[in-house]
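First chain written, first letter: the chains are A, B, C and D, and each begins at residue 1.
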Amino acid sequence: MVQQRVAVIGASGYGGLQTLRLLADHPQLTVTYLGGERSSGRRWSELVPFLPLPGDPIVQSPDPEAIAAAADLVVLSLPNGLASRLVPDLLDRGLKVVDLSADYRYRSLSQWREVYAAEAREHPRDDAALCAEAVYGLVELEEERIAAARLVAAPGCFPTASLLALSPFLRQGLIESSGIIIDAKTGTSGGGRAAKEHLLLAEASEAVSPYGVVGHRHTSEIEQLATQVAGQPIQLQFTPHLMPMVRGLLATVYARLRDPGLTAEDCTTLLEVAYRHSDSVSVLPVGTYPSTKWVRQTNRALLSVQVDQRTGQLIVMSAIDNLVKGQAGQGVQALNLMAGLPASLGLPLLPFYP
Amino acid sequence: MVQQRVAVIGASGYGGLQTLRLLADHPQLTVTYLGGERSSGRRWSELVPFLPLPGDPIVQSPDPEAIAAAADLVVLSLPNGLASRLVPDLLDRGLKVVDLSADYRYRSLSQWREVYAAEAREHPRDDAALCAEAVYGLVELEEERIAAARLVAAPGCFPTASLLALSPFLRQGLIESSGIIIDAKTGTSGGGRAAKEHLLLAEASEAVSPYGVVGHRHTSEIEQLATQVAGQPIQLQFTPHLMPMVRGLLATVYARLRDPGLTAEDCTTLLEVAYRHSDSVSVLPVGTYPSTKWVRQTNRALLSVQVDQRTGQLIVMSAIDNLVKGQAGQGVQALNLMAGLPASLGLPLLPFYP
Amino acid sequence: MVQQRVAVIGASGYGGLQTLRLLADHPQLTVTYLGGERSSGRRWSELVPFLPLPGDPIVQSPDPEAIAAAADLVVLSLPNGLASRLVPDLLDRGLKVVDLSADYRYRSLSQWREVYAAEAREHPRDDAALCAEAVYGLVELEEERIAAARLVAAPGCFPTASLLALSPFLRQGLIESSGIIIDAKTGTSGGGRAAKEHLLLAEASEAVSPYGVVGHRHTSEIEQLATQVAGQPIQLQFTPHLMPMVRGLLATVYARLRDPGLTAEDCTTLLEVAYRHSDSVSVLPVGTYPSTKWVRQTNRALLSVQVDQRTGQLIVMSAIDNLVKGQAGQGVQALNLMAGLPASLGLPLLPFYP
Amino acid sequence: MVQQRVAVIGASGYGGLQTLRLLADHPQLTVTYLGGERSSGRRWSELVPFLPLPGDPIVQSPDPEAIAAAADLVVLSLPNGLASRLVPDLLDRGLKVVDLSADYRYRSLSQWREVYAAEAREHPRDDAALCAEAVYGLVELEEERIAAARLVAAPGCFPTASLLALSPFLRQGLIESSGIIIDAKTGTSGGGRAAKEHLLLAEASEAVSPYGVVGHRHTSEIEQLATQVAGQPIQLQFTPHLMPMVRGLLATVYARLRDPGLTAEDCTTLLEVAYRHSDSVSVLPVGTYPSTKWVRQTNRALLSVQVDQRTGQLIVMSAIDNLVKGQAGQGVQALNLMAGLPASLGLPLLPFYP
């Protein structure tokens, strides 16, 4: 089969590692360029002895000219702020880019500057036009625009789980626009591979704690999309919690139904219809609740709905693997579409259990 | 010092083990009787080689007459339904009883029969008067009544964390009575020591999942107390989640403030005042969020408040050790009061970390 | 491609689940029959909502006639003792069988009766000829005999890791035949999916402990093969330890070198040569030690060697996934060979990390 | 009761935190000085919100003069190499010092320079006399010398577990002096609180791996004491493994019995006699094997013995909490003796379980 060539920049972080692992099984995408800042010049097998790659390549310093010579598509897995320094040059050379960072998730550069203030100070940008052009890469909502895009911003892990749960209800106006609460739980790999004290096993194991309560950066990202889908301004409550596990993300979403007569079965049907063409999203029967373990190391999102007839509350549970559907797998979905392939091609959908 | 004598019935389950461990360090309460159904006749060190007890006693079949001869106070740590078969006999013999099960948590026997239907079928009861007499053992709310009681029902772990967070706000009418959401997370030891597939390490590790969504038994227990404290009927949303850890419980409580001008600092002050006489409850400064690890193996509850000025939501986080403040430690608090001692006497309040 | 048909019996235990998951990705083997004792008559999706299978089959009671009608190859994943009640009938009908239990791992039925005494009492057997006929399914040692077999006994998880480490040294007579020590560490999934108290997360998490010290059943299994490979009787020390993790097995093997001049590099070369044709076994460079995480959910065994020049000790470290290379993946390797396919066809060799 | 005053230097690392937590419950030792390099000038509650200390002190830069004014005894919990810069000044001012680092564990400074070469380059020392004077703080072996010492070097965690297992057998000449193998397993807190990639939960969870194979620093520390106890040179094999848990350390020790007739019961009796005066060491009955969970957050070492009559191997299992008996608790034992108190005074010996 004809292979399309992919460059992966930021290869030894978790986003890069997942991307490489996913592409190792892909029938039509081949990694032809490995880039990294800190690890440039080093042989791959010394950096990552556990993931042998064909030819045991040497990691390159990310040079747009060399990338353009070697690849058609690029996945950027870099810290926030750094991607924006590479993207214009890559696009100029005709490459298509999927960026796993937050740099192009906001339509408005000034909003990005506000939400990512520290990064904005360190990395001055004036690519407002690219922010406006970039497509938000939530494949199940934006399939056509992604297929036509040259720059896709892969969504954050929390927004992915939350928006898959909320969007169908918001779009149809079935829930009240205020009072939405997203209580989210994530494994520690969401914090990345750079060593930080609070992510040490000794600290994070046998511990559950909230963080970023009120004002976490993903709040505004979720609200931007929720507002777009609902067609009216949405402000909501988003509270992430750190879980003592490596991977997995569960969003428990609470909203008030407009029509108190809607049942859990009705709402389940609604979700099934909304995602009937999406291989990567499945809806569980009423009364079966998703475990993050059921989607671990897969690109699948598992949704389940419950309704409390007494209180009129809708509860939507949404489980993903934060590093796959929440990051690199979603990136590969976008790559697939940009390469003219089916969105879920080559992506794992079944877990190894337990 | 004069020692008061305590019988512990159901000694080798988690509730019994915690009670024995806590009392091993207690300056004025001494365990003088060990009772157990399945383990009766066996020597303690064979059952539990890791927790040597003075004299290495033999576990007794729980006989009210023998218990009354050996002890003044009794802690029952038995499966739901079983306690009610012992309690009348124990009270008749003048013993004071702390029951860790749900048997006396409801004022109304018929409500218990409804909520614990399976147990009610297996264990027919007609002790409605005792249900009405029993005091709900949330020490920080009911100190005086507990001190005067002969029968105390120790609260469930989820109700403990939830009600400590909610009560001061409900009592003062600061939050709306509808729309309250409790998103709770617990370690697997809350499921007890009896072997169940879903609590196996292989199943529960690297996994987060909701359970009992809408209608979990603790919902009605929380609502009974919340209604009493608020002075008006309260219906709320309670969703427990199973965490991949041994112990620890976090309740993240969402409610809408009646007065949108209240700040997180105001609410923190309110909690500090409410618990200023409670050694076992501490309030964290605004912006510091509790980890369950900070209270592990202690009787301390840690509360923290945040307010979202945009949405008017109040968020109260409440962390406890599910087996100590959520079960056996709370039981010892009640024992202390019933024995005329300070509530927190002999209880650990500082964690070993990490 | 032509598909060969496989029956999986004992489908909802861990061995069965892994087999189904592995075969879901296999290019030339298709599951055409699902059998189970306790779960017979139930729809697959109700039993295992997280692993959808094509057509959502109903689990069948394991009937040899029906199995023979539906399949060419059979994988048995049943408790010890049960397989031997099915195997003769299956072989009579011309099926080829891979048994994941211990029933056919010993050449001598009387040795099996001695080592598995409890099972032998419950399941009387007189299939000594089949014990003698069955091929021990350690693919890297017995490839040709497996390809020609109609009955293969997949090795235990500990013997797999241990024998991969030891065999090349024993075969060449490079280590002393006495004084060999295997200190092994396994995740809790090795204990199976049936609920047992000591495998609860609350018990097994945050805990490391030895078990079966002196006389664990796998000792005799390892010794049988070691003796065969060495050509002289081998008695060794095997001590398993339970680790607080789901999957993964590490054997740290100690032996005394006959020639004190051999270096770690020499020994590494020896292993590389021994396994140069084995896709599923890799040898790490000297000084790089395997983590069980590097092989999780793969069929790869990772070996590493170190030598202490002071003491003359050889240390071989061997990491596998206990449920894949240590069980179901090894079973699929045997299936592949019996079906005339390359041993590692369709098996995952690269981990998702972390 | 008269209180003796203790200074803790390096208060916010794990060794310091444990020391503070242990002393919070101590009846006769009171912390009167908190010192720290990086955290100096900061209020304790900001650094460590989860362990409130009386008076909420400010952490001081470690100044010998100020320490001498405030305290009688000092615990140093600093990185290797740093303690040696403070100790001479502290001793000059009449303070008694327990050092938790490796700086004074070797009688010979030149051996320290060899084993801790990197630290020796960074921290030039010429205190050979102090190295010779310092007492190795394994309380069960050196009680009298510790009681009379002014400088005690608390042993490493691995040497503690290993030497408690080996010493009685070496002293009595019951095992062969060569061929001893120590296969050790430790939780990640042994690596300290400073952030390192390989100790991240995402990396270390669901993973078991060896490290420092042949030549780990603790090898020489163990050999120094083993040689002293045996009265002849001992060289042995020591292999540490990193476990996916926070705390706990298990050493599985293999040695060949000189007298093949010795039984496990004989060896158990030998250990019981050896430790009959040691509150902190217990011996389990034959056939009961220690879990690290049984000693978690206690100062207890649990030993168990097994003998393989076939091979003549002795297997001694030794479980401790690496941060308590393996570090800070052992330090408090030494403090107790230096203060004229019983060694185990104020130390927890019973675990909270699970």
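Here is the rule we use: a residue touches a chain if its C-beta (ideal position, glycine included) is under 8 Å from a C-beta of that chain, and two chains touch if they have at least 3 such contacts.
In this text, all values refer to a predicted model and were calculated from it rather than measured experimentally.
Enquirer: Using the stated contact rule, I'd like to know whether B-C or C-D comes out ahead in C-beta pair count.
Expert: Between C-D and B-C, contacts are more numerous in C-D.
Enquirer: Going by the average position of its CA atoms, which chain sits the greatest distance from chain D?
Expert: Result for max centroid distance from chain D is chain A.
Enquirer: Just how far, in Å, is the C-alpha centre of chain D from the one of chain C?
Expert: 39
Enquirer: Whole-Å distance, chain A centre to chain C centre, using C-alpha means?
Expert: 37
Enquirer: Quick check: how many Å separate the C-alpha centres of chain B and chain C?
Expert: Each chain reduced to its C-alpha mean, chain B and chain C end up 45 Å apart.
Enquirer: Which chain A residues touch at least two other chains?
Expert: In chain A, residues 14, 187, 189, 193, 202-203, 205-206, 244-247, 291, 293, 354 touch at least two other chains, as defined above.
Enquirer: Help me check something: in the complex, which residues belonging to chain B touch chain A?
Expert: Chain B residues touching chain A: 178-179, 181, 183, 185, 187, 202-203, 205-211, 213-215, 235-237, 239, 241, 243-248, 250, 252, 254, 256, 289-293, 296, 306-308, 310-311, 313, 315, 317, 319, 354.
Enquirer: In their shared complex, at which residues does chain C touch chain A?
Expert: 14, 17-18, 21, 24, 49-52, 189, 193, 205-206, 246-247, 282, 284-285, 288, 291, 293-295, 297, 302, 350-354
Enquirer: Provide the residue numbers of chain D that touch chain A in the complex, in ascending order.
Expert: Contact set of chain D toward chain A: 14, 187-189, 191, 193-197, 199-206, 244-247.
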